[in-house]
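In this document, chain identifiers A, B and C correspond to the written order of the chains, with residue numbering beginning at 1 in each.
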């Protein structure tokens, strides 16, 4: 019991850290998803030039660690004179980073629809815009939902990296408590537990979505 | 910003020495996880307590950030009176985390082999060992290569987080050089390029392996 | 004697056999010199045909003869390298520029609009799984033609009654049998009031006991005077409902005759072979 004392004293501080984690993840998820959809459309329908640019972007994002990009922006941003609060800086980087992965998820959803659905919609005289809106997207998004949730879990975990560039969220909060209490084991495990609760809940939701999408088809 | 050749001449060898550490960590982790992940996957098939423990292990590492796991191991062992070097802590953390993911990849591969293959083998009179080694595992290995390649790339990127515990892999080297000089851009560009090279090599090896094994099927 | 394994029938020794030309008012469908290749593989080698209003033209032939591709070219689900198609006098897909005589691709919007006059039913029904039966049928009339929803739904229910599925309006396709889904697919195509209906082997994917109900619907449509282009393996159906039979092989129409003429006394060598092989299987 005495071992848990440091954790019991500080758990509220850690919860506040978790709140910041969720805020950060939430702020990054929306632009990442929106951009991901756009990029997926470019990948499927875009002109060759646009697709080539996209391929380069995907190659770079998937080949470089997020931490490198975060640190890069952290050092670089003050030099360019753009007055962006660090919070929004990291949210921006994470959005651009995860947009790439989201776009692949959405693209897979669109491309996994049988050609037959496109045929049927076109035969009924639908224009591309209408076809996408009422036939393709509803089905593609349903297929993409489970891997999408998976990416969201990954994003939540990635927020821990911002502690390395000095931003405050759950991981940073736990580091501060550890420095104060010199009880790393308990505190970090406590933080791990909080992360687990957040991510596992999301993962369960993803599995629920996966089961639901199978039933409908 | 023009490249300052003097500076580059000094920074590139440093980055490369960091890259060696990065490569060592990545390759060791990958090889260890190939075996460890298989063991965990096999344990998972057990219907008793072993299966449950394996399942809990996988869920735990998938839903907690690598950084936290790293801190737990590094500081935990130190606190327990058995301090591990940064490199060993990093290696251990990377193996524990990626072991979970690799186990899931194996599971997906096993599941994707059609039930009919088992039936056909048994109908020909094969016993379990022969069935698995000559019919099932070759197919599993072939199917598992693309996700394994992705995991290898992911491992290479994750090594950057080991910088947080002062291991002089490439990310840390870059950080140190940036802090002691003003050439942020060049250092990070160099590090980014080397990461891209490393991940591209991994991707290339994966594609080649995929092609070779496709013929073997 | 054409006993050799040549790639294409020689035009001299095996000319296509066309029956007596119909005294046609403006034809509902004409195809002129359609050539379609998939890469190096020429699937349609210059197909020309004409279908009058109210005719039921049945297209038969061995696999790979280009029958499905033919249908798909009519409403431009497949693009073709040469030739033109007109439906009810209006070009679809490509029009001939009067000045240069070259064919020009129509705009995507025009192509979409002209597809409204053609209905097609596919072998794999292709219903939208995320919509109910009723929603499947009204989606296009409401969103493409702008028909008010209430009116579209009323018409949809009429069509469902026609195909015998009035009680399934609120069901999702996954809960229907293959035959039922196919009948919904027919209703969906009819909801757009097409002038031409095309059927691409619509019973080939069905269990035998479900084939009859679908053929019944098609027969009723034919009796109502709908112009139809039907690709099928159901020879009995072709004999009873078809007004004309087109025999295709290797991308060409080799014989064009009335069902009676074709099934009793086929003229072309390939047609004779085909029917012989068919009889060998069924008898």
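We take it that a contact is a pair of C-beta atoms (placed from the backbone, for glycine too) under 8 Å apart; a residue touches a chain by one contact, two chains touch by 3 or more.
From a predicted model like this one, the values you see are computed outputs, not experimental measurements.
Centrality annotation: A (chain centre taken as mean Cα position, compared with the mean over all protein Cα atoms). The most distant chain from chain A, with centres taken as the mean of CA atoms, is C.
Looking at which two chains touch through the most C-beta pairs, you get A-B.
For the pair chain A and chain B, the distance between mean C-alpha positions equals 20 Å. Note on chain placement: the centre of chain B and the centre of chain C lie 54 Å apart, centres being C-alpha means. Centre-to-centre, using mean CA coordinates, chain A is 47 Å away from chain C.
Chain contacts: chain B has no residue touching two or more partner chains.
Taken together, the chain A residues at the contact with chain C in this complex read 116-117, 119-128, 130, 134-135, 138-139, 142, 216-217. The touching residues of chain B, when paired with chain A in their complex, are 59-60, 62-69, 71-72, 75-76, 78-80, 153, 156-161, 163-164, 171, 174-175, 178, 184-185, 188, 191-192, 195-196, 199-200. Against chain B, in their complex, chain A makes its touches with residues 59-60, 62-68, 71-72, 75-76, 79, 153, 157-161, 163-164, 171, 174-175, 178, 183-185, 188-189, 191-192, 195-196, 199-200, 203. Chain C meets chain A in the complex at residues 72, 75, 77, 108-109, 112-113, 115-116, 118-120, 122, 124, 126-130, 139-140, 143-145, 172, 174, 188-189, 192.
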